[in-house]
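Below are structures written as structure tokens.
Two complexes come next, and they have one chain in common, chain A, joined by chain B in the first and chain C in the second.
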Partner chain A sequence: MTNGLVLAIIGAALAALLAGIGSAKGVSLVGEAASGVVSVDPSKFSKVLVLELLPGTQGLYGLIAAMFILLRTGVLGGGAAELTVQQGLGFLAASLPIAVVGLISGIMQGRTAAAGVSITAKKPDHNGKAIIMAAMVETYAILALLISVLMILNIAV
Partner chain B sequence: MNDTKYANAVGAVRAMENSLLTKTDIDQLINSRNKAEISSIIQSRSGSSSSESLSDVWAMLRAYAPDCKELPILLYRNDFHNLKAVLKAIISNREPKQYYIEPSNVELSTLVDAINSKEYDELPNYMQSTAEEAYELITQTLDGQLSDSLIDMAALKAMQKSAEECGSSFMQKYAELLTVCADIKTAYRCSILGKNAQFMESAICGSSELDKEQLIRAALGGTESLFSYLEGTAYSDAAVLLKDSAAQYEKWCDDVIMELAETARMQAFGSEPLAAYFIAKEAEIKNLRILSVCKEFGADKETITERMRKLYV
Partner chain C sequence: MAKLRMKKIELIAMLTDSKKIIELLQRRGVVEISKNDDEELENTNVTAVVGEFDKFRSTAVQALEIIDSYFPEKVGLADMFSGKTEVEKHEFGREAMQMEKVMSAANEIIKNQRIITESNASISQLEIKCDMLERWTPLDVPLNFKGTASTSAYIGTLPYQITSEELEEQLPDNCSVEVVSGSKEQTNLFILCSKDTYEEAGDKLRKLAFATVSEPESKTPNDLIASYKEEAEKLEKKIEDAKSFIEKLSENRKQLRFVIDYLQMRKEKYDALSGLGFTESTFVLTGYIPEKYAESLKKEIEAKYTAAITFTDPTDEDDVPVLLENSKFSAPVEGITKMYAMPGKGDVDPTPVMSFFYYLFFGMMLSDAGYGILMIIGTTIALKKFKLETSMKKTLTMFRNCGISTVFWGALFGSWFGDIAQVVARNFFDKEIGSLALWFEPLTDPVKLLLVSFGLGILHLFLGVAVAFKMTWDSGKKLDAIFDALPIYLIVLGVAPLGAGMFISVPEVLKTTGIYMLLAGVIILVLTAGRTSKSIFGKFFGGLYALYNTATGYFGDILSYSRLLALGLATGSIASVINLIGTMPENKVFKLILLIIVFVVGHIANLAINLLGAYVHTDRLQFVELFSKFYTGGGREFAPLTVNTKYIKFKEENSND
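Then we have the complex of A and B:
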């Protein structure tokens, strides 16, 4: 295994790890707020569940980016490529947008969605507004995923 | 992530806020003809939590946020009231239970044992020295008023100190407002009764909002001098109400606390929404009590409406 390949694998690990941490933190925060509401009014479970799911997507995006790196470098196919250090650094750099933005946006989306749980608790009919506000944060995770994927796909191997 | 504390408790509180009485409910209650109608309106609120006692609300809040350092400050007034009640009951050989109010941070038995055994360290830190001083004072002078004013002032000081220690600006403002309300009332009474500066010094707590020395100086000059001093402060509306009626002033005091609670309505995390819910429930129970007394004495709708405290929802 070349040093370049090690760097690419570190990049894949970072994408999955940091974005996953962001999602875990976000989902747990919304889960806390949602549990509070459900403990008083169990009928609101389905409405708050949608909000709880929203910060979970960053982890998924991190997974997608990591999979792309592993596929492009051949680690998943069984024939790992002999990457140079420059190529390895390229994959590492490509993983950073979704890794960093995934971490931060997961936490921030969790906060927004947890605040939205209050809207659902008090005015269940306005649940859609809470979802829209939390979904706005998602935009930046999608943009980061897009740029990570474009970079991964365009590194010459 | 400390700023996202109590997300679970706030979620629960937001769901419970739906069962607080609204303005429409209060209007219906005022227009109701008999007790049965009142009970049916209260029961019709979802969850019928309007029938909960404040102790139930407190127990529920503590169950959701057992480690919250800010919440116990809300009960300091009750704790110090209970201290007054137990001291007087012990001195006059009466049963303190009937004067004990709940919820409280200190159980009746703890309070009674600590005072009887003079082991004040059984009490929370914020009460220890006050309990000792008040006991000595009341046993030596048998002057209930003096010991009451010592305890009242200690309660306000303890609230201010604890609020500052826990760093909550909401609780600091809460303690500040309670101090201002109590100080204005005390200064007014002192000026009517012609109390001297020494007494006022021991009865008026003082705060950053209302300077103690200036307030005492104004009160020493009589009620007119007090009102003219207050008119130049941020509490000029309180002075106008106090001139007219004590009941209106009491309502103003409750309403300013509710206005503070309202600032927590938009917060998704932290102890503020929990404290605000407790304050809201306190006001709701007070409103129901006022309503029931007014109905019993046949007060007209305008009088009842005038006395109703501001609502949280």
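Then we have the complex of A and C:
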């Protein structure tokens, strides 16, 4: 295993790790707020569940970026490539957008969705608006994922 | 299409017919009644009647809740979606006759429920008493025992652990201490003193924080516990009786639901009556009615009753309610429009504008043909099998159409449950079958798909600008319409080949044309955008500001469509990862078993999370990118007087369905 490959694997780990932490934190924030609503009115469970799931996507995006790195470098699917240090650093850099934005946007989206839970509690008919507001935050995670994936796919191996 | 034209309706009829006419309107469900504001006409006061109905209704609701909590009805999945029970109109009249019987059953149910609650409370009190007495069971005198002729007794507790010897040392002579029971926190004591040392011992004990037990009954603790237990058993029996009584009454469940709906209808009818204006022998009803129902309603009422109905066009000051009507293709998306806001006075209905792109974008984001087929099958079964409410039907139809679009995009991109066909062929038949894509696989050329996404996004935005153009044009400001729309088209179309040129090779001719279009657009925009400003200075800076706004706004809007690619990639790559995990083991039998399990669980989870993602982000593209170009919203939804029931539905056609 070359040093380059180790760097690439660190990149994959960072993407899954940081974005995963962001989602875990975000989902738990909404979960706490949602439990309060459900304790009063259990019938709102499905509505708040949707809100709780929203910040969960960052973790998935991190997973996708990590998988792409592992597939491109051949760690998955056999025949690990002999990467130079430059190539390895390239993969590491490519993992950063989704890793860092995933971490922060996951938490921030969690906060927005947790605030949205109060819309669902007081005006259940306007639940959709709470979802849209939380979805606004996710845009930046999507953009980060896009850039990460484009970089990963285009690094010459 | 789109927003239905509304007419103002004014109906004058005989007072004696008022209830019948209101009932007819309620069943037709096409008229929204406005409150009478003509001061010369009298209003009726229905508060008392409506309050009565409310009271009865809440009694029935409460009784139904009690039945449901003790003896829940067994519901299958099919029942959950089966909607309301249908009843004939004459059956409704017959059932309504039994109301008194049902209401007395409801009161009976509530009474028994109260018995249960009270008995439960008494039982728990008795249990607490028994717990307390348990500590004193070794004692064979009553707890209020004061002593004999020559002795006096103290019965009570000290809040710490102490032995009888230790306590006897502290007390005067002639006192005997017996520890009845004890723990670390307290010692329960029976202290017997001779009459002469009684006072002294009392003082001493008080200083030691001795607390005397208070118990009015002159029975030994054991006897007391026995009698309490007996009492509790009696109460348990009473609860059982009450429960079985409720169970017997629970056969009224259907009738209760019926009464709830019946009272709701009566209440709404009387609410409607309160909006009418009355003279001595006639009444006047004003309200709104969609134009297309106007004539048939007029015919029906005038044939049956002595009534005069006139329709007028609403004026600008009127607060006209909005009812949407769209083609079969667009109507399912109405729910999305309503979620944002009903169209306001100057708005067009955005539903037909967005419906095509809604389906298109949804399919592109989910983009797996397998998932699309699951959606089509699921929604079709639900639509066929269950009797659904109109709005639910529309939502399901929307998801079915989105499913069709998903199959379309999935087939173009060659994604059927990810790459399951290739994976199975490779792992079990040692064959490479290559790509199934009818167009290309996004992973092999993501940049191409990114440009396609931007292209579709530009079309979507142009559609929004075109609607804004038409609205301004129709309102007579033809020049404004041109100056608002033209520069945007020129600038965006001019920049497009330059932007695409960064990723792929674009013919030089296009690029050059682009530059000229861009320049022309910028010049028109800077020269015209500040036209509302009075001074030359204001006009110029207004133009520059508009240029800045257009540039950043549209740049951001178009980039936002990259989510079409990103979410599509997310679905596909997670699906591939699921298939990859399923084929990890070397042994083919294990591999098959694991693949089946992982396939079912994994793809269901992936479908669920990506359905949510596709739904949310399609909505966002409509609300933020499209609606901002032409739509404000803020209208009031048409709320006709109608049969607003929860459990039952009339067989008769409701023309508003």
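Just a few scattered comments:
Here is the rule we go by: the second predicted complex is superposed on the first by the 157 of 157 C-alpha atoms of A that agree within 3 Å, B and C clash if a C-alpha of one lies under 4 Å from a C-alpha of the other, contacts with A are read in each partner's own complex, and residues count from 1 in each chain.
One rule holds in what follows: a contact is a pair of C-beta atoms (placed from the backbone, for glycine too) under 8 Å apart; a residue touches a chain by one contact, two chains touch by 3 or more.
These numbers come from a predicted model, not from an experiment.
Three-chain overlay on chain A, with chain B and chain C fitting side by side and no clash. Once the two structures are superposed, chain B and chain C can be ranked by residues of chain A touched, with C on top.
In the superposition on chain A, A:60 makes contact with chain C only, not with chain B.
Applying the stated contact rule after C-alpha superposition, one finds that A:101 touches neither chain B nor chain C. In the superposition on chain A, A:5 contacts neither chain B nor chain C.
Legend: residue contacts after superposition of the two complexes on their common chain; A:139 is shown touching chain C, with no touch to chain B.
In the superposed model, A:118 lies in contact with chain B only, and not with chain C. Working from the superposition on chain A, the chain A vertex angle toward chain B and chain C, CA centres, sits at 50° in steps of 10.
Judged by the touch definition given at the top, the superposed model places A:34 against chain B, while chain C stays out of reach.
In the superposition on chain A, A:83 makes contact with neither chain B nor chain C. Per the superposed model, the minimal spacing between any CA atom of chain B and any CA atom of chain C is 7 Å. On the side of chain A, the complex with chain B involves touching residues 25, 29, 32-37, 39-41, 44, 107, 111, 114-115, 117-118, 121-122. Against chain A, the residues of chain C that register as touching in their complex are 339, 443, 446-447, 450, 559-560, 562-563, 565-567, 569-570, 573-574, 577, 580, 609, 612-613, 616-617, 619-620, 623-624. Only residues 1, 4, 7-18, 47, 64, 268-269 of chain B touch chain A when the two sit together in their complex.
Contact residues on chain A toward chain C in their complex (touch as defined above): 50, 53-54, 56-57, 60-61, 63-64, 67-68, 76-77, 128-129, 131-132, 135-136, 138-139, 142-143, 145-146, 149-150, 153.
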